[in-house]
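Several structures are given next for inspection.
Common to both upcoming complexes is chain A, partnered first by chain B, then by chain C.
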Partner chain A sequence: MNKEKRIGIPRALLYYKYNVLWHTFFKELGFKIVTSPATNKKILQQGASLAVDESCLPVKIFLGHVDYLKNKADYIFIPRIASFKKNEELCCKFQGLYDITVNTFPDLNILHYNVDVNEFRRESLEFLRMGLTVCKNPIKIFRAYRKGKFKQKHLQKKKIRRQARLLKNKKLKKILIVAHPYILFDGFTGKTILDYLKSQNIAIIDADIAQKKLVKKLSQKISQDLYWTYNKELVGAIDLYKNKVDGIIYVSAFPCGPDSLVVEICQKKIKNIPSINIIIDELQGEAGLITRLESFIDILEYQQKSAKNYKS
Partner chain B sequence: MKRKKTKQYRLSFPHMGNYHITFKTFFKALDLEIVIPPPISKQTIELGSRYSPESVCVPFKYNLGNYIQALDRGANLLLQAGGGCRYGYYGEAQKHILENLGYDFEFFKLRNKRNPINIIGDIHKINPKIPFYRVLKAFLLAYFKGRCIEKAEDFLRKNIGFEKKKGQLEKQFKFFLSKLDQAETFTQARQLTKKYLRIFENIPILKPKNLLRVGVVGEFYVVLEPFSNYNIEKFLASKGVEVHRFITLTGLLNHSIFNGIIPNHEVNQYLRHAKPFLKYHIGGHGTDSVGKANELAKKGFDGAIHIKPFGCIPEVNAMPALQNISKKYNFPIIYLSFDAQTSDTGMQTRLEAFYDMLTMKKNATKK
Partner chain C sequence: MPQKNKQYYSLGVDIGSISTKAVVIDQNKKILARAYLWTQGDPIQAMKNVLKTVREQLQERPGRITWVGATGSARNLIGSILQAEIVKNEITAHAIGALTLYPKIRTVLEIGGQDSKIIIIDKGIVADYAMNTLCAAGTGSFLTSQSKRLEINIKDFGSLALKSKNPAKIAGRCTVFAESDLVHKAQMGYPKHDIIAGLCNAVVDNYLNNVGKGKKILAPIIFQGGVSKNIGVVKAFEKSLNSQIIVDKNGHLMGAFGIAVIAQEQGTKKLFDFSIQDVEFRTQGFECKGCPNNCEIICVLKNHKFLDGWNNRCEVGMAKAKEHFDK
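After this line comes the complex of A and B, so read on.
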């Protein structure tokens, strides 16, 4: 067989966190990579009709993407990640993602890896295991993984540097957005918010871009019990950036398990900065969202003016 | 835990079915005053949902309502357990909400890794002056009482609604609970259970010939707390359906005894039954739901009821697998989700339709 094998990577959920790792890994192994386009109405509708009514919006979107890819690739790539560290967990939807997809699409050819500390399954070994099902050279697989990991880290560092430069800029108004990247950068859920803020010339500070170790330590200041890895990182980032920004926007999808509790605690604990909680569902209209953002930005401006008057 | 010497602690905990008797027995060993919150009522859920975040799951709201009612009755030390999914984070969120409401209290949360050794150790920390063996003994007695309640409840569930004189079983069961609450030794509890099981058995019961057997699977709290699932078991019994339920508190503890020694012991037990529909653990109690439904289908039950609080992620994860079980074995499953506002009658209409469908299916297969 000379023909390249095609692997489909759905552009949803953890794609926004590990896309560089996955792309490099599969490219090194000689795959042709097919990714789905940014979420559009058709994908969303397809996903919503396939998923259980009550599952959260990102999962619906994910299933829509899988549906888009199912006839366009030889393999579909789906990760199952339960926990990276002891006493930490990921939201249950990532734990069940593999089984949800298998049960929704019974005849799918799936490549998957499973990271679970409680079962002693570590990421590097799991990539090796996954790679061995399609390639016979373990050294090649391990190199591909290392290269992907290196590129991912490099990109993250670059992003942090860029964000630090933005934070020093005193002319721009800065707003911290606390949201999972799969909500913020998704074509349906986060695009309106990002586009609108950009059009208003506001610098967007992404809470997901920060040094992970530092941020995890800082999260203890706001919540001691938190055990969801991604939420921990976001909460720590709030503490890191809160004195450098003008306002905070929390964006979450409906119904989100962890966010429903975490956002509540954050809003109660961080009081001296104006904040807004935007919950997005599948029927979200653009106009309503923009009105809310407009009024929030008006509040920010009004507050700054009154603060200036008070000083002078 | 730092504590002032002069302060008198009054301990309280949320309700879950009839298990307040077991909890009370356990915490009695601590030499603290115990405040049992009033039984769950409409007021509880109203209070709870008024102060809870909007999209949180229903058990959170019930627990919060229990806490507020207990605090109003003078409790000042609240207990919360921990576990998988969102439940492990309940404690901190509830503590914040109650503090913002202006109550003065202390909050004690058990570790998220539940196994009996951890639980006993954590509880002992509340009052370290008490010798350890007393806490251990209280735990064992509480566990035993839990078993007693479950035995009686199991009998009740299978037979309630079929008595000649309606309501007799429930009346006796209430006597049993109040007596068991006062039992202080193993022998007393055992004798009481024996005595009352005999009384239950002596109540004349009429069962129709082609009985429908239905299993209840789903999320832990909603299955165990009859108020939160609008007494669907009672409703089904009144229709003449034999209800089987497998989720019990002591069952959960039994599974988790080895959790500290053998990693993922509990989950692997569940996964064994859930094959081939699940490959991995899907979080919370979802794996168990799939496993139990799979078993029910194989055993030839007439149907299953899957109940969960609205937005429960593990159970939603389980639903695609349950749908496949339903397809493969031609096994009807009804999916009900409960929220603070779901109306009683709506649920009953859906259950009636489900019941009609089951009877029609049974008659059709007979011919």
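After this line comes the complex of A and C, so read on.
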């Protein structure tokens, strides 16, 4: 009876935003947590064969992770998040994620929470509801949620401080990467880019690391009526960091609807700083990617050199 | 002392998907030898062939090659075979090549066999660039395949296009649509030169809408890459951009020239040996099977010994491949 229940958390999509919250919450409720490994080719192939052709790369990867976990845990955790705030929404893949997964794997035992302000579903109450299906003590559940939330915030603050220190470093070349964390930190989509930039000794400034309230306000400088929450945050971060970095790299996955619009707007409106847009698809050839990154860094170097010549 | 009169040359090799280019320049950046051949899907053989051509042209010259640079999509392979010190991407190479010959240039248009790019230059340095992304529509190989369909020699393509007074409208957005459009126009009875002129316009429209999208194209403009030899496309660009376009007679060699210049400026002197022509090089894939990624590592073997490899996602695979081939 008292055997530890295992919960599987797929290492994809919002995992990269909320992993600390989720880990803490389930650990406090007495679960053993199983996560999938960083995306590899097998996970990707499995996901691509399970998903409909039209879904975007991150969703394919997500399904691959669910497939990896399906026989390794008693429950699989799939959140559905539609909107946190009035007049704001998340990309439709987060809204449909629960239903997509249920339809792809009909036999899964899923735990989920459902955040949607339009239906008055708030995050804290949804965690309570989800918790009650596996635990009878609401106080314990609420405490677990509070603890998870606290730890997540603490980590984010730490990251912001670390990034602020990095921004002050005058010796390093700094590049702002504007990408959803589930693309940038994924083992398949972002790893090549991060590895290459690190090998060139370049400081990576992550647009996702910033004070969310502040960047949401700043995003209005670039576009008044963006309503995708995560894109709004990224766009605001560009405004926050653009004068402190040497260049901007936009990374998006094919075929991402919100990103294709947002990157276009940003590239048109933000000038006087070199930028490139890298689109990643599942048939990725590494050579083309490296060519683009390499020439981008060449540009930054030539510009710095000429700036020095100009001064002297 | 004879040593003092000795001249030092720089060799630049640009191995593209369709053609292979090599250039040898002296210290005054004058081109002494050049070669342009089809890659034909075998970059190693193509490299040997261009080396042979270049060597013949250099026979009378007193100098020796001391710098080697490689660029183009097979730059890693050829770079490690030639032991080139400078291995750089083709965007930088093209920009430096153009800037060396034309320091005042503001825009570089480049259309090659499989890719097309635009480079924006501000005050003599590269400020911005764009490259075609997922689609190769409107590049050299597209024109070649369409000229085959119309049974026209690609060399006559440009001059035929100029004959047209009434170019056919052809959808240039996608190769597949362009091809069906082209067949349709031919069946409707359009003369060949009107269709060809239409294709040239389609290439230019496609380029300006995809690669050149949102970029400020300022004069002086230089057009290079293999397609710059096509006078029909050049005229279409001039009409569309309403500006004169420079086409250098060595425009197709600019990548090789650029990398030769970079090698000369940034590399250290190291004598190059032409005997590399006679060494046997072979490439072979090796599946690592060490983790679910199952990387297929491409290895170059020099006289059956492991020389270099790439395409691995971690270091384990490389060590494994080396061991596999060296035993």
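We take it that the second predicted complex is superposed on the first by the 312 of 312 C-alpha atoms of A that agree within 3 Å, B and C clash if a C-alpha of one lies under 4 Å from a C-alpha of the other, contacts with A are read in each partner's own complex, and residues count from 1 in each chain.
The working rule: a residue touches a chain if its C-beta (ideal position, glycine included) is under 8 Å from a C-beta of that chain, and two chains touch if they have at least 3 such contacts.
Every value quoted in this text rests on a predicted model; they were computed, and no experiment measured them.
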Partner with the higher number of touched chain A residues, chain C or chain B
B
Go through the superposed model and pick first if A:Asn114 touches only chain B, second if only chain C, both, or neither.
first
Who does A:Ser55 touch here: chain B (first), chain C (second), both, or neither?
first
Taking the superposition on A as described, I'd like to know which of chain B and chain C A:Ile279 touches: first, second, both or neither.
both
Would you sort A:Leu261 into first (chain B), second (chain C), both or neither based on which partner it touches?
first
Per the contact definition in the header, classify A:Ile100: touching chain B only (first), chain C only (second), both, or neither.
first
Shared chain A footprint, chain B vs chain C, residue numbers 254, 268, 279
In the complex, the residues of chain C that touch chain A are 73, 76, 88-92, 123-129, 131, 133-134, 214, 291-294, 311, 313
Which residues of chain A touch chain C once you look at their complex with the stated criterion?
40-43, 191, 254, 267-268, 274, 276, 279, 281, 286-287, 290-292, 294-296, 298-299, 302-303, 305-306
Considering the complex alone, what residue numbers of chain B touch chain A?
53-57, 60, 84-86, 88-93, 96-97, 100, 109, 112, 263-264, 277-284, 286, 310-311, 313-314, 316-321, 323-324, 337
In their complex, what parts of chain A are in touch with chain B?
52, 54-56, 80, 82, 87, 89, 91-93, 95-96, 98-100, 102-104, 106, 114, 116, 118-120, 223-228, 254-258, 260-265, 268-269, 279
